[in-house]
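The next part holds the structures, each set out as structure tokens.
There are two complexes below, and they share subunit A, which is joined by subunit B in the first and by subunit C in the second.
What follows is the complex of A and B.
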């Protein structure tokens, strides 16, 4: 039940003035902008280090990319090398590098696969063929993966806490603007953009979502 | 400075405006979409190098060679094995989607015993030790009561080591009741025995045949070995060598160079009409008929009685009369007969639909007579008897077992009435339901097949099963029959087990394929061979002695020692010595010749006409006044009509005018539809003497007026929620129509009414 006093207008002297209201608006606006642009990305992504700090440059100096990242006989792409493949050279230490020591102690001796964190891992609903791109379209690894072959250290891996996928899929820029750092940015629109440019078509759904 | 409610609202509005200017809503929307499409608890296939493993599919009796792509021990894809002598690389959709059955929820995951009513679906998990002791105790109890012959075993095949072990077990135990599930090959194998004197698998050399006359065989829809027919289909089409006799424009008829729409059930009359023209015009192979055949001309027996031969009998089937019976134009019959007789290497084949639709013995004998007339027995492109495996070890049995084995079979097979019929599962329900006192089957072992789905008139079969006090199922899946059992002893999935697959019906070479484990067993299941060895061990005595092997694998390797190298390396073994025997040595009949007059065939009335192939109109059950239409099942390569149901992948390939929103469509001719006031898409009730089903109407000009065609293989009620409840089971609407000469089910259809719902 309403009382009479409820319907009476609040006297003007008891009301907040226009600029006070505007200040509150600004506080809300700025606080949300700060939390949205700075706090949110830090909350959304967790940061992890790779189990072994791998030096690509040192390896590339002695062998090709395809020595470790090769195509299998059936045309499928092997991705990161398995322990057996690493062991073919690193059964015993080849240098004094502490990471190599760690690799041999913790993985080779224990016969345990290295749980590499894959920067460009796509969800299982995506079919991607390396053969079609590298062999068919003659593309270089760096076009999508950046100049990782020249790196001496593995960068940190950021994982989306909600989806469980790498930050490289969305890209480091929250607005997905500018050139992708590290060659990262592997969302569907990124595929489509390149396909449109190179082939004249964004492609059909079933090409990637079987 | 006053702060009031409006300040708070302003703060919220500022926050909302600010938030829309940040990535938060857009990024979170995207992430939620990805998160919901990739639930962490949904298993996804392993990644890694592919390893191909050869095996043989046993989902039906076709036995196609497969090559399974596995990654880290998971089966990912099934392909046809390119060099396998049966299917040569082709594979049906069922075989391709078998991984869904391997990983799907239809599997029985451990031994279980029933806790609720039969069929209620209440189970309690038990140990293997308890499961084996429960079965052995029941069997031991029946044996101690001198009733071993009241145990029956149903299997889908009677060839190969697993069916052999089942038969060996029953023999050692003392029961003659090993029963193979029915198919159209029952009639063909019996016809083979009656005409050639050989027990074996029938082989049709369709690859080398120059002209194929198919009496309703759904070559494109899983007849024989589906993969084999798919491989051959291009050849059929290119060489215009297939003629299809069928009342429905099936996929096979569509592929044929000529479609002959004979009235259903009159195939035998047509075959005899064609034979009439071939004999009348002297187009038959005289070398074969004169020298290697018996009973073509009239003949005199040792008592001086003159018997009618095939030639005299054929006089009763002049084209004009046959035209009246079959509805096919007289000229077409004449020209078809001449085409058949003059073609190079012609062959006539029979077995309606995929082979699941039954047929009487006369039909098979009539079609065989056509083949014999053109002399294509044991010739390239002809018909051959593939001998049954004969590599079994000896055994001894005790007196109880011997006495039990001398009891008559429950199904009436091999009795005085049906002496040449080996199995009659279709007669089992009647034998149980009409028995006075206790059921003649006290314990039933279901070691293959899914009788409560595949048998005609499933309700009556269920009533019979109700009277069997003890039912054990060895099924891999929770199928309709397993659901009705008392105890479950699940076999491994075929991708998890060893098994040999001897020559499938229809294949013209002698071959053994090896089914072998492609993945580790996923559940607490056990190979049926091992389970049998365990049960035999627990029964003890002679039965245990008959099973001296450590396990099934040891038995398999010992049995197939000679073939093992080839089996292991290639996945199959082809008998290098097998050649269809020459005519002078081919026939083991009493006359030593091919018998146009099958002297071994039982003659109920003592008349020659009973022995000779003839056309006897099958009286379909039902009152033609009340049920003016005729229902017939049809086969589809995209719907598995056998024991194992369609996996969901396969059902997705079925058109929306076959099944939609859980309702099955029946086909009728537009003329029939008009007469009955039905139109496309209408919901209707289909009624037969066996039962009724809710269906929808699909008008199809390719079906003869007066018929209702319904796909076989839908309407499962078991397996899983993803499989059950789609359409209706046509078998539940059919009934058994006993073929007087053989006891086989000759009921290819049934009378029906269709009323708009």
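What follows is the complex of A and C.
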């Protein structure tokens, strides 16, 4: 019906208003990118500090990773050391470090476990076998956890307010690009990616789920 | 079907239940409830609403006293291999979410609760009623939440759950083997809770492919049969019985449907099959 009007040339003032629309579109795009990439992640994650600071580098200079992060006889992995294991050296202060003083005053003397925040804690539906990776496949800790053995203090812990999971599960890049840094990127697809490369298969569901 | 990892040897874990030994005490059910965090209700009188991964059925020969005979049939998930032994079990083939899948290295049919969205196609497809639906969130009495098994995830309302042959025990046994530098796990290292709980040792569990495992011989014995074999689901749960009426009940046909009815000449052959 209106074919005649469609073929008419566009008036000059209409072309100018096209620019106005484009500028408004650009403003809107930039505003949504800022909210999506900067504001939203800050809202989504809460930041907490570890109860006491820990110097991995100072410890690694005197002992192996496996002195504290060891396998039990039944094949399970001990994870973070308990108070008893720390106490075997730190019953009394070994240095002038204020964090060590705090550890002895608040935890050793009160016989209270340190409520460490676990960066790589997986959701309860996940079965992760340290034995299969460290013993079976001869992998190093740093392949997944980053070079944490050389760190002199503990980084902050970020928790997803909606899911309660550590930010390390999603990773620090919102686009999930690049190699895993600080041990970030521990989602199912990240596991599957490596499994596909190393074993030729993403694995069956029950290999990693319970 | 996914490609196998090079170092894993395919196993086919299965169960042989000796019905002549089963007394119907229900210890296997109790063991299963405790091991797998299976929720229960305050009032369990209505068995239609009960959740259970393993249920002991009671059948009788239908004859009046004094000829009455009773047999108890403990019935976990049959972990079907499918018609051509390729893992095409009834539930796996209908799941639209790939929440249930066939675990290639062990032959166990997996169920991932976080992936399931509760359409219950699998329950309709399963001829053994092995699957149960969570109509409610589990409610644990008093501080029982602290006694839950951390190796088995707790299910929420709206998902389907079923027996996993205590797969977490397989994973733990594998972990131990890794730490000790072994490739294979021993027969007694991986046993499901029901097999361990059985006081008469009616339940035997192991790798049906491995001649050194007890189930290898038992599953090939003349007394062995499986439930509803006519459906070609190829279950990995075998039953042993010396009573012919139990066998007939286990693979029941409608009147005139049985191959034995149609070809009376081959009756003896079909019975021994």
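Just so it is clear, the second predicted complex is superposed on the first by the 186 of 210 C-alpha atoms of A that agree within 3 Å, B and C clash if a C-alpha of one lies under 4 Å from a C-alpha of the other, contacts with A are read in each partner's own complex, and residues count from 1 in each chain.
Just so it is clear, contacts are C-beta pairs under 8 Å (C-beta built on N, C-alpha and C of every residue); 3 or more make two chains touch, one makes a residue touch a chain.
The structure presented is a predicted model; accordingly, all values stated were derived computationally and were not measured.
Asker: Does subunit B (first) or subunit C (second) touch A:201, or do both, or does neither?
Answerer: second
Asker: Just checking: does A:16 make contact with subunit B only, subunit C only, both, or neither of them? Give me first, second, both or neither.
Answerer: A:16 contacts subunit B only, not subunit C.
Asker: Figure out whether A:135 sits in contact with subunit B (first) or subunit C (second), or with both, or with neither.
Answerer: In the superposition, A:135 touches subunit C alone.
Asker: Touching A:125, do we find subunit B (first), subunit C (second), both, or neither?
Answerer: So A:125 meets both subunit B and subunit C here.
Asker: May I ask you to decide whether A:149 touches subunit B, subunit C, both, or neither, giving the answer as first, second, both or neither?
Answerer: Neither subunit B nor subunit C is touched by A:149.
Asker: Which partner, once the models are overlaid, touches more of subunit A's residues, subunit C or subunit B?
Answerer: Counting residues of subunit A touched by each partner, the higher count goes to B.
Asker: In the superposed arrangement, does A:76 touch subunit B (first), subunit C (second), both or neither?
Answerer: Touch partners of A:76: subunit B and subunit C.
Asker: Determine, under the contact definition given at the top, whether A:40 touches first (subunit B), second (subunit C), both, or neither.
Answerer: Only subunit B; A:40 stays clear of subunit C.
Asker: Taking the two structures together, which residues of subunit A meet both subunit B and subunit C?
Answerer: 74, 76, 123-125.
Asker: Which residues, counting only subunit A, touch subunit B once they are in their complex?
Answerer: Per the touch definition, subunit A meets subunit B at residues 10, 14-17, 20-22, 24-33, 35-37, 40-41, 44, 72, 74, 76, 78-79, 123-125, 160, 162-165, 170, 174-175.
Asker: Enumerate the contact residues on subunit B facing subunit A in the complex.
Answerer: Result: residues 1-4, 6-8, 10-19, 21-24, 27-28, 30-32, 34-35, 37-38, 40, 44-45, 47, 49-50 of subunit B touch subunit A.
Asker: Which residues of subunit C touch subunit A once you look at their complex with the stated criterion?
Answerer: Touching subunit A from subunit C are residues 2-6, 98, 101-106, 108, 110, 112-115, 151-154, 164, 167-168, 171-181.
Asker: Which of the residues in subunit A come into contact with subunit C in the complex?
Answerer: 71, 73-76, 123-125, 127, 129, 131-132, 135-136, 199-207, 209-210
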